[in-house]
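Following this message is one structure expressed as structure tokens.
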Amino acid sequence: MNVMVIHGPNLNLLGTREPEVYGSQTLADINKMLEDEAKGLGITLKTTQSNSEGALVDAVQAAAKWAQVILINPGAYTHTSIALRDAIAGVSVPTIEVHLSNVHAREEFRRHSFISPVAVGQICGFGIESYRLALHAARKLASPK
Amino acid sequence: MNVMVIHGPNLNLLGTREPEVYGSQTLADINKMLEDEAKGLGITLKTTQSNSEGALVDAVQAAAKWAQVILINPGAYTHTSIALRDAIAGVSVPTIEVHLSNVHAREEFRRHSFISPVAVGQICGFGIESYRLALHAARKLASPK
Amino acid sequence: MNVMVIHGPNLNLLGTREPEVYGSQTLADINKMLEDEAKGLGITLKTTQSNSEGALVDAVQAAAKWAQVILINPGAYTHTSIALRDAIAGVSVPTIEVHLSNVHAREEFRRHSFISPVAVGQICGFGIESYRLALHAARKLASPK
Amino acid sequence: MNVMVIHGPNLNLLGTREPEVYGSQTLADINKMLEDEAKGLGITLKTTQSNSEGALVDAVQAAAKWAQVILINPGAYTHTSIALRDAIAGVSVPTIEVHLSNVHAREEFRRHSFISPVAVGQICGFGIESYRLALHAARKLASPK
Amino acid sequence: MNVMVIHGPNLNLLGTREPEVYGSQTLADINKMLEDEAKGLGITLKTTQSNSEGALVDAVQAAAKWAQVILINPGAYTHTSIALRDAIAGVSVPTIEVHLSNVHAREEFRRHSFISPVAVGQICGFGIESYRLALHAARKLASPK
Amino acid sequence: MNVMVIHGPNLNLLGTREPEVYGSQTLADINKMLEDEAKGLGITLKTTQSNSEGALVDAVQAAAKWAQVILINPGAYTHTSIALRDAIAGVSVPTIEVHLSNVHAREEFRRHSFISPVAVGQICGFGIESYRLALHAARKLASPK
Amino acid sequence: MNVMVIHGPNLNLLGTREPEVYGSQTLADINKMLEDEAKGLGITLKTTQSNSEGALVDAVQAAAKWAQVILINPGAYTHTSIALRDAIAGVSVPTIEVHLSNVHAREEFRRHSFISPVAVGQICGFGIESYRLALHAARKLASPK
Amino acid sequence: MNVMVIHGPNLNLLGTREPEVYGSQTLADINKMLEDEAKGLGITLKTTQSNSEGALVDAVQAAAKWAQVILINPGAYTHTSIALRDAIAGVSVPTIEVHLSNVHAREEFRRHSFISPVAVGQICGFGIESYRLALHAARKLASPK
Amino acid sequence: MNVMVIHGPNLNLLGTREPEVYGSQTLADINKMLEDEAKGLGITLKTTQSNSEGALVDAVQAAAKWAQVILINPGAYTHTSIALRDAIAGVSVPTIEVHLSNVHAREEFRRHSFISPVAVGQICGFGIESYRLALHAARKLASPK
Amino acid sequence: MNVMVIHGPNLNLLGTREPEVYGSQTLADINKMLEDEAKGLGITLKTTQSNSEGALVDAVQAAAKWAQVILINPGAYTHTSIALRDAIAGVSVPTIEVHLSNVHAREEFRRHSFISPVAVGQICGFGIESYRLALHAARKLASPK
Amino acid sequence: MNVMVIHGPNLNLLGTREPEVYGSQTLADINKMLEDEAKGLGITLKTTQSNSEGALVDAVQAAAKWAQVILINPGAYTHTSIALRDAIAGVSVPTIEVHLSNVHAREEFRRHSFISPVAVGQICGFGIESYRLALHAARKLASPK
Amino acid sequence: MNVMVIHGPNLNLLGTREPEVYGSQTLADINKMLEDEAKGLGITLKTTQSNSEGALVDAVQAAAKWAQVILINPGAYTHTSIALRDAIAGVSVPTIEVHLSNVHAREEFRRHSFISPVAVGQICGFGIESYRLALHAARKLASPK
């Protein structure tokens, strides 16, 4: 089973950016943890990150040719990108929305998501554990029984 | 480790209520699955369900005396109950919000949650798998390392 | 044919509560009138009242096991209860919404109903005659021809 | 007792227009049914239909000289016509608002009615049965005892 | 003179719940203080608390048969309960709204009260002193001179 | 100098319609008063009334061929008719908006006017005196010095 | 192939009304151009214009009996008429919405259209060329290949 | 008959301030015109101007002891001053609202008036003629016959 | 202990202004009552009133040099004055907001207070008793035990 | 005559993405059709596509140096990109907005366009025919006669 | 070159008022710094401060007779005063808006400015440096080269 | 001291784009002026421009490794980019927001800034002088004394 993990804008800052909100682990740490976990689940993993909305749209389109499930943390584009939403709706790959922080407990403008309505589900607020849970959810989506 | 699972209004209808939205498993099935999973995780579990906002507030208050983590699917009260929010904020037990369906993809009024801002995090959209993932998240909250 | 009549909050005050708005007849008078009318229509009737949202949800769920039609005056919960809406949508019993007063001619917040979208129809503004008309509508729903 | 029945815009399309929403009976069928029912209730009936807001205002003003009660299905003008509202408020004839479909369960813009606040009451969602119930309500208004 | 004091949801947590907002005194302390004060004012006092909206509606209705004034701290239901508002408006007992904290200085959703428009007045922000002042206001209402 | 006076919907009810709001004089009385006044001002007057938005648009278009000033009381169409607004903006005849009642002191929906932004000015709240003042204003528009 | 062209309110003013917005050609010029163009496309054309919402509803209903496609410039009723929307939705004739000016670049209230959601498509901003393009679109709708 | 004329903020700039909006006449010119006109109508006139909201409140209160009618051009305070509204409502002197420009045709924030609902009526858009018409309206208010 | 009492706009009209809303006692009566009460509480009192927002800001700033507590009835400025809010927040004197009437039960625009979030608490709806209670609250603030 | 055709995000998915909404033809098919059509009209055509907002801004800026008209289908950026709007407004090349689907009949957030106010006009809802019509409109813009 | 510096409400509290927001320097310090700086720039400076909206309007009007540029920190009136806006728009002196704090990063109601649209530009967030920069901007306005 | 200057979308059009709004100087002119000014202030300067949101996020992240202060003119992304906001908040480099035009005096949608709340301050409306003032502000930030 193939899973594409797409990290959105500013996630490459992890570990240095507002650690009281996002924790002290780096994006490399998260990717390492995910790859370890993926092995145990029989999942082949690819990961990518971009600060560009267009590049993320490209990534979703590319993922559609390889992955059975997409894991995406759209970061700030969660709240502003209809293009990303259209990309996810346009490919036929089930997509899981992940956030490190509890976006619902932050600024008002972070409470609206253009992505959620086209995702299968959402996991947020558990730090990097959000990603690990999402990987398990992906595993389950592929073999629900 | 003790975890209290609180099911909100109409979840006792599961299996019969709009199965295309909520799936065909009953609440008993979910509780059974959770108890099995809990054993493997070294978690002692209690579960309860009520259609009454006041009874759910009571349940949260009671849970605070016994549980290290609360798992709550507040159902419709997610969107209307400040009393439930205040109960969760008022006790000092980390709480995880769970939904079977992807609430963000449904009616507009289901996109606002009074509960999320006082929860640790939210998992929604994965059917009963949402609960299983939440139990793992609870496990992790108690022993983050 | 079985019809369950569910009266919402403060309807037990009828006859004493703001009679210029709600009239001088008591809830017992209404139930008596409905039972008399029901006999003529070959309808078996049960009635219940509660001030509790949760108890009303319970009542709707219970009605689903016995009644072919539910008549409900959700009172103030009309405007605030998604739990009641979900209960009605969750059971598969056609439901008729009734109001004594013309809710559309009162405070702004009484003009929005969470219940109407999941009801078959609405009758309001005719005092206790609203209930009598609703009983006839129920009769018709069961045998449309 | 005299009752004026006023049908608003597009009701002349009944039977052909979106039958899954409005049913398969024509306006003539409805008028026929109403006239039969009226006889049994000792009511003299007149009916009229127009697609023009102004003509409906005229009809309400004219009705005021003859009818004890007006039955009106304002159709789309329910949501846009203050002129019709003013006409109903301006004549002193009690008016009952009728809708074939459950307007509250449709598009958002159909949930606001300029007419309801000046009507005695509203009946909606029961197809042509809405009209029949309204006729009975009219009968009762004239002789409440 | 009889005064009914009704405490709303989560007030039973007082002393343990967010003490930096609500202070360290328990509900029993407040009731004790009120009873002492009541004696000096020639007031017979009853107190009750519930987490349930319906039970609070019941309490208001019951109070109407005995009390000359109701003191109510509706807690979270202040902002969500039309049922409680209707109960207060439906009985003819003057009601005083009390809050421990200054609700106007907190989250936006706490700035709207369904209760205030049907209360005589409101006292908030003085901790348990809010209750004591309200008792004096009640005394005055009964004998304004 | 030629002035066209256009009366909108329900103004033909004047004298019978809600006299506490609109006074007891009929539309004929107003037209008579205006004609008397017009003579003294050297104004040739025509008056018309319609309940139909389209007919009022027609009247504005027709007036443009004859009148130097239009006096219009758009009644309810003040608040809903962009067609009437476009007609006034489309002809190049200065137009004065008149209301018998103080529309700004009534329901919220009467406080917005589609007509005012394309009128020269507005006179409201003085009963039929509003019309007389408007006629004087018209006189002045034609010969400002 | 039959095409009905329906011109809405104030379009009869064309050529004189605000020529800087709407151009200097008259409605007759437009109809002439359309008829010439129609011949080349093998289309039989009828045209009509009215300032009355009701008459436009009538026209849409009448067109349904003859035309394969309706071309409509609803003018100001674009933004206010649900009756016209219902007429278009109620007949089963594909309808194309046309505007001379770019309505999206004008006042805020011209940016909302009740008609667009029930039309096949919209062409606006090209002056009378908008109509010519719409005729070609109509031709294509009838024979898409 | 005594009439108090109260000019609000920035009206002392008249003649120099944005003459294309407000004309080239000074406040002294307006007062002179009003005094001339007043003589002919048997009215004793006082005039005052202030840029201060508080001073305008004082002026309204003072006027109440002498004038039968107040003419007020509240300028910018029209849109922001509840204090001025309360002063007008608090004294029992009929008040007429005057504006030089057509406030309804300007910025959105100038379309809401706190003053209008407590005034008898409003005259706007006719330049200094607005004042002259208002004086005649005042005359009529005092002797309506 | 020193307490400054600041009365806002139009409170000098008390006794004559809308007595059905504000009662028949004058401001002098209120000040006399407060002084009598203050003596019994060991409080030195100063009182002031102004219709000017700026003067009220001055008064708050001046009070800061002398008073331990400020009692303020900001009248209409409650709803419009950020300057007054800033003054209260800028000085470090605890401030109590008082209203004679129940502002929450009046016009919508009176339900928002710029002052409440920077006040200790609010007392409203008890007529002049509101002031007396506030004085007691002030007493308590200074010596909470 | 030179025309630049700019396709926005996800249009490269055409033919595979939601074919029930966007049809089964690919972007290459559209470009081919446009080039064929362009030849007949004496138009030299260039086409480009990007998923990146910035690249589309670049494309508009580049087009300005070569093209007489720009045809743009901004896709999702229609609703979110002020940068694209500024680019179009900033170059002095007339621009035509094209959409395959009828954007006005879809989700609420697709009904607002940042692009329309700076475009000459808009064509939407006719599938790839929208593009063909736009090319003809471009032709006409360049030689209006 | 003459520059008038106008300080709004509560700026006289500087140095004592919320120093964590506004810094520890007094208004006298700011004026001293400005005067020193002005000398170096060949600017003659006058400064004034008031807590009264009306007095600030007066100050703007007075400045117009002497100054080539106005520097204004409107404080709280930034967000509430249309009178001040009208004064600035009414005199023909270029005006620069200054704020000590970054008003855009504070309460929501501080993000709207009635003054900005009539000012040349805005400088905020740099403490007293905001004023110094504004003085340089004023210098440049007078001799742009 | 190092300062990074980041120019947002369409600023590369300067000199040709809407010169009446943005002036006739090119971006190269601005950069030249800034470099000259920087030398005098002992500042080492780098400048960059991009039309891409993602590239601007990259630029902010890169700047964090070298600059003590960032100067950014986010252009249209000011109003739409949460990603840019997050980048600025995520790096710990003080950032100054600059605009050539007075954004507060333009379209409504330009009055909201996602960037301002995370910037130190804002300078706008002075053309290229805005940049020069911002450079001085940067200088001061680094050595406040």
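Here the chain labels run A, B, C, D, E, F, G, H, I, J, K and L in written order, and each chain numbers its own residues starting at 1.
Convention: contacts are C-beta pairs under 8 Å (C-beta built on N, C-alpha and C of every residue); 3 or more make two chains touch, one makes a residue touch a chain.
This is a predicted model, so every value here is computed, not measured.
Visitor: Note the shortest touch-path length, in steps, from chain A to chain J.
Guide: 1
Visitor: So which chains are sitting against chain A and chain L at once?
Guide: In this structure, the chains that contact chain L and also chain A are J.
Visitor: Going by the contact rule set out at the top, which chains touch both chain G and chain J?
Guide: Where chain G and chain J might share a partner, there is none at all.
Visitor: Using residue numbers, check each pair in A-L, A-B or G-J against A-J and return the one sharing over half of the contact pairs.
Guide: Overlap exceeds half of the contact pairs only for A-L.
Visitor: Over half of interface residue numbers shared between chain H and chain K means same, under half means different, so which is it?
Guide: Both copies touch with mostly different residues.
Visitor: Find the geometric centre of each of chain I and chain J from their Cα atoms only, then give the gap between the two centres in Å, rounded to an integer.
Guide: Between these chains, centre-to-centre, one finds 62 Å.
Visitor: Between chain C and chain I, what's the gap in Å when you average each chain's C-alpha atoms?
Guide: 47
Visitor: What whole-Å value do you get for the distance between chain C and chain E if each is reduced to the mean of its CA atoms?
Guide: 31
Visitor: Residues of chain K that touch two or more other chains: which are they?
Guide: If we look for residues of chain K contacting two or more partner chains, we find 52-55, 80.
Visitor: Which chain pairs here would you call touching?
Guide: Result for touching pairs of chains: A-B, A-J, A-L, B-C, B-E, C-D, C-E, D-F, D-G, E-I, F-G, F-H, G-J, H-I, H-K, I-K, J-L, K-L.
Visitor: Touching residues of chain H toward chain I in the complex: what are they?
Guide: Listed in rising order, the residues are 52-55, 57-58, 61, 80-83, 85-87, 89-91, 114.
Visitor: Would you mind writing out the residues of chain F in touch with chain D in their complex?
Guide: It is residues 8-10, 12-13, 16-18, 50-55, 75-77, 79-80, 109-110 of chain F that touch chain D.
Visitor: Note which residues of chain E are touching chain I in the complex, please.
Guide: 102, 104-105, 111-113, 116-126, 129-130, 133, 136-137, 140-141
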